[in-house]
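Two complexes follow with chain A in common, the first pairing it with chain B and the second with chain C.
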Partner chain A sequence: MRDVLYLAWRYLVYNRLKTVILVTSITLIIYLPVGLNVVVEQSGEHLTARAEATPLLVGAKGSPLELALNSLYFSLDFPELTDYSEVTAITDSELATAIPLYVRFRSRSQPIVGTSLDYFEFRDFEFASGRPMAVLGECVVGAVAAETLGVGIGDAVTSSPETVFNLAGVYPLRMKVAGVLAKTYTSDDEAIFVDVKTAWIIQGLGHGHQDLASPDAAASVLDRSDDNIVANAALVQYNEITADNADTFHFHGDLSGYPLTAVVAVPDDEKSGVILRGRYADEDANSQIVRPVTVIDELLDTILTIQQFIVAAVIIVGLATVATAALVFMLSLRLRRREIDTMLKIGGSRPRVASMLLAEVAIVIVLSAMLASVITLLTWRFGPGIIESFVLA
Partner chain B sequence: MIDIQGLQFSYGESDFSLQVPELAVARGETVAIVGPSGSGKTTLLNLIAGNAIPRSGTVNTNGEEVSGLHDAARRSFRIANIGLVFQEFELLEYLNVLDNILLPYRINRALTLDSDVRGRAAALAEQVGIADKLQRYANHLSQGEKQRVAVVRALVVRPPLLLADEPTGNLDPVNKERVLDILLEYAENNNATLITVTHDHDILHRFQRVIDFKHYYA
Partner chain C sequence: MIALARPLTIAAILMLLVACSSDERAPASDAEKWAMPGVYAVNYPLAYFAERIGADSVEVAFPAPADVDPAMWVPAVDTIAGYQGADLVLLNGAGYAAWVQRVTLSQSRLVDTSAEFAERLIPVENDLTHSHGPAGDHSHGGTAFTTWLDAGFAIEHASAVLNALSRLQPENATDYRDRFDGLEQQLLSLDQALKDIASRIGDQPLLFSHPVYQYLERRYALNGHSLHWEPGVMPDERQWRELSGILAKHAAAWMIWEGRPHPEARDRLESLGVRSVVFRPAGNRPETGDFMSVMHENLQALQQAFPTSP
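What follows is the complex of A and B.
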């Protein structure tokens, strides 16, 4: 058997280009349906686990999928905006704990999640180091975000502008890292958590600037009346909240109208949840309430349907590939007729020569299966992360 | 060594017919077979080797009625007792020189590849001047080198009978002499029988017996 395998191996090595093409084709045919299944199953489990851990989401009327993806996985696309009055309304109903979410800004590729400390309790966060944010301008970073940004306690992270070329847009805000979370193996690991008011400051809805009454700012003042001062753009605005300038930060208008992407509602019990959902049943209402698990199940159903189509296509392509490989093998037998005749003429046994040819096929299949297994293992390890980032991008 | 009696052979429905009433070749004898193309010289070699089965008559090779053996036994007998050399060398392109020489040991369980065989292969390669080319592939060798590899492949099993089908047909004069020297020297040193089919009348003087085959076909 060793001799047969040796001869088969020598043939495959000598004809390495042909071998590589065959192995690659068969590997793909084995891997595609299996790998796809692994990815979909694992991603499904991962997505569902997060959705199941989040009872209800309230947001503005619009796409429930965008609302769920943004609130659970901090996806780049943010939903129609609701406002802070929703938090007050849910709290006042005494049916659920309301946790504001404002997931709109980023620091490089890491999402900045404006929320309250209730979110930390709700997700049962543990700190690897430091403490929760205590004042405006402080943040807590998830384990992966800390690693990606290379920051720790006392360092600063800066929000990214929404668009580089819009001078009137969001200005970067430097935020001090107060704590780093322990790994949770969820999308929270990627996030930078700030108080929702800090998120509004990032947007420019709240701001801090030079005291207009000070002599230094006199040159910037355009108009001064009893209850209003108008200044020009030369007035110094702060892009970092420090102990020295914290008092100058303020918000204009009624905070209840300030934007949020969603409100996480954690009902006190099942009955409260049902009542709360009933209150949003009115089709004319401006808000919607969704059960994330339902939304994610629908998404997975869609992915599953697509997967079935892909698997069917792969099976058809696979059959074509196997037929082509068989044809290649039979043609190569014809081309190798003389070589086979030589072996038989000098006394090679028919079973041995046949075994050698079959061993070539077997080696190609075994190599392909091994390669497909390795890629499937890699998919099992890294696939869900890749597909999640693909779905959430 | 070889005893042929009443041999008749034909290929299916073709007009070709080979008839050899009687032919005996002694152990250690060197024989050259000449004759026109299509006269059945190569067919005779195939019949002696058991690669073709006669319609009637017997071919006794080294005491064995080869045509009476079943396929597997015939192949085992052939690989252990008969060294075959072809005009076109018939080396496997995906094997290097050493693996080509050792090929008989890998394609039939009747032979066992061990260190003695490897040593013998190396010694034979040294003897015919290809020791430095053992790791090369066949398509990197000259015609003369290829035929020397093919001859060593035939000799490595130490066969008592060598059948060579126009072994010098594709070689230049220098390599022709060299390959003939190797075959004849082996036959002499090992008391082996050598039967060579050839069209080359310049080499006939080197054989003990010459058979003109035009008498044997119809």
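What follows is the complex of A and C.
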């Protein structure tokens, strides 16, 4: 049997171009439906697992998908903004724990997630090193974000301006890394977590500056009257919160009107969740409440429909490829008629020659199957991340 | 055949490597937990109310050093970590302890004990406004925050503490209610005693060494004027001149101090016809006694200053 396999292998190696084409074709035909299935199923599991772990999301009326994708996976597009009064309203209802989310800014490509410590408890974070942020201007970075940005405890990350060309816009804020999270294998690994008030400072809603009444700030005063001081553009506004200037940072007006992208509502029990959802049932309300799992299921249904079309197409192409491969083998037999006759004349029995030809086909199929398995495993390992990044982009 | 075995082996190893690189999470470590629910407060009155109502079912912490004003104190990061780990953080509200705005705490554990009477808080006007950038005019004025000097508000603070503790430990709610009732009775007695003294004081002008008595002034209809004098510090000449101007319009015979006044200041005030009486706000934990004993000392001091007519 070994000699049969050896001859078959030597034939395939000698005709390597033909072998490579055959193996590639059959590999693709095996891989495409299987790989696609793996990707869709795994992406579905990843997306659904995160959605299932997040009971309810409250946000401004608008696209539920945008609200869910921004809140669960920190996607680039942020939904219509709600405000902090939503957190107070949910907390006051005593039906759920309200966790603010303000996912709008980035540091390079990493999302900056403005939230409260409740989020850390809710997601059950473990720290690889350091501690939670304690004061404004501190941040906690996810495991992947720390690697990508090359930062650790005591280093700083800087927020990226929303628009490069808006010179009068928000200045970048330098934030000190207080902790690095252990890997969670979720989108939290990519994020930089800050207190929601720090996110408001990034936006310029809170700020720290020189005391305008002090002599040091004289050069920054444009106009001074008994009851009002107008500062000019030279007023020093701090772009880093330190122990020395922390007490100069302040917010104006009522914080309940400050923006959020969403509020995660964690109901005390199922009944509380139903009651809470009922409170947002009014179609005229400015806010909406969504079950992320419902939104993600709808998204997956769309993806599954597309998948079914693709699989049908692949099956048709697959049948064509199998027919072509059979044709290639049959034509190959004709071309090899003299070679087969020679083998019979030098003493090869018909069954052994047939075995050798079948072994060639078997080796091609086995190699294709193994290659398809390897690619499928790679897809299983890295596919969901790639697909999620496509979906979120 | 060896040539055939090699690619098969490589493929098998590759498959194994890919399979082995799947998700592996580190085992979760046990977080530090309190032996019993931990309650942190931003001032001593709230810590006292929590200690009285919660008794031995909760661990109450008020970590401000004894020599600071908790309203102006800024805790170190280690202390903030303590607040972060607490099951409840009792806030006074009214802008008290501004550091709370500049730190990260679990929103769900914060209890604003003055939320129920927020609309009755006293705003402190800061006449000076400023503007820079697109935000427009704004001032950094605030709210009077020594709220518990109004015994009615003190009861409402204690009631908020009661509700928060009852939510935290529903199984102890009845005990908490009983203890709250006892505390409420004491605060109502204090309130009545202060009202009696206030009726004796009537409309006579008073001076307050510091602007921390706004709620006492309003609750008990006192005719006071606040200075910015520190107990234990001899005021400078500018402050004395300012006082003379005030006395010309507001002929006070008594000044109410947060703490024992500097002896020279006390004597010079007496030479101006102004006598001193100490009424401690008890924002921080007293060296001896507790909140109620400090309030009774305050009461005694006022009763001596404004005795019942024979």
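Assume the second predicted complex is superposed on the first by the 376 of 393 C-alpha atoms of A that agree within 3 Å, B and C clash if a C-alpha of one lies under 4 Å from a C-alpha of the other, contacts with A are read in each partner's own complex, and residues count from 1 in each chain.
As a convention for this text, contacts are C-beta pairs under 8 Å (C-beta built on N, C-alpha and C of every residue); 3 or more make two chains touch, one makes a residue touch a chain.
It should be emphasised that the depicted structure is a prediction, and the values quoted were computed from it without experimental measurement.
Aligning the shared chain A places chain B and chain C next to each other free of steric conflict. In the superposed model, A:246 makes contact with chain C only, not with chain B.
In the superposition on chain A, A:186 makes contact with neither chain B nor chain C. Shared-chain residue A:342: touches chain B; no touch with chain C. Counting the residues of chain A that each partner touches, chain B and chain C differ, and the larger count belongs to C. Note on the composite model: angle chain B-chain A-chain C, taken at the C-alpha centres, equals 160°, rounded to the nearest 10.
Contact with chain B, but none with chain C, is seen for A:353 once the two complexes are overlaid on the shared chain. By the touch criterion stated above, A:6 is placed in contact with chain B and with chain C alike.
After overlaying the two complexes on the shared chain, residue contacts for A:15 are found with chain B alone; chain C is out of touch.
Least inter-chain distance for chain B and chain C in the combined superposition, rounded to the nearest angstrom, is 13, based on C-alpha atoms. Taken together, the two complexes place residues 6, 13 of chain A in contact with chain B and also with chain C. Listed in rising order, the residues of chain B touching chain A in the complex are 49, 51, 71-72, 75-80, 82, 84, 86, 90, 92-95, 99, 103-110, 113, 137, 153-154.
Looking at the complex, you find that chain A touches chain C at residues 2, 5-6, 9, 13, 87, 91, 94, 97-100, 116-118, 121, 124, 126, 131-136, 138, 182-183, 185, 195, 197, 204, 209, 212-213, 226-232, 235, 237, 246-247, 249-253, 363, 367, 370-371, 373-374, 377-378, 380-381. Across the interface of their complex, chain A is touched by residues 1, 3-4, 7-8, 11-12, 14-15, 18-19, 21-23, 25-26, 28-29, 74, 77, 80-81, 84, 98, 101-108, 127-133, 135, 137-138, 140, 167 of chain C. Note for the complex: chain A touches chain B at residues 3-4, 6-7, 10-11, 13-15, 338-339, 342-350, 352-353, 356.
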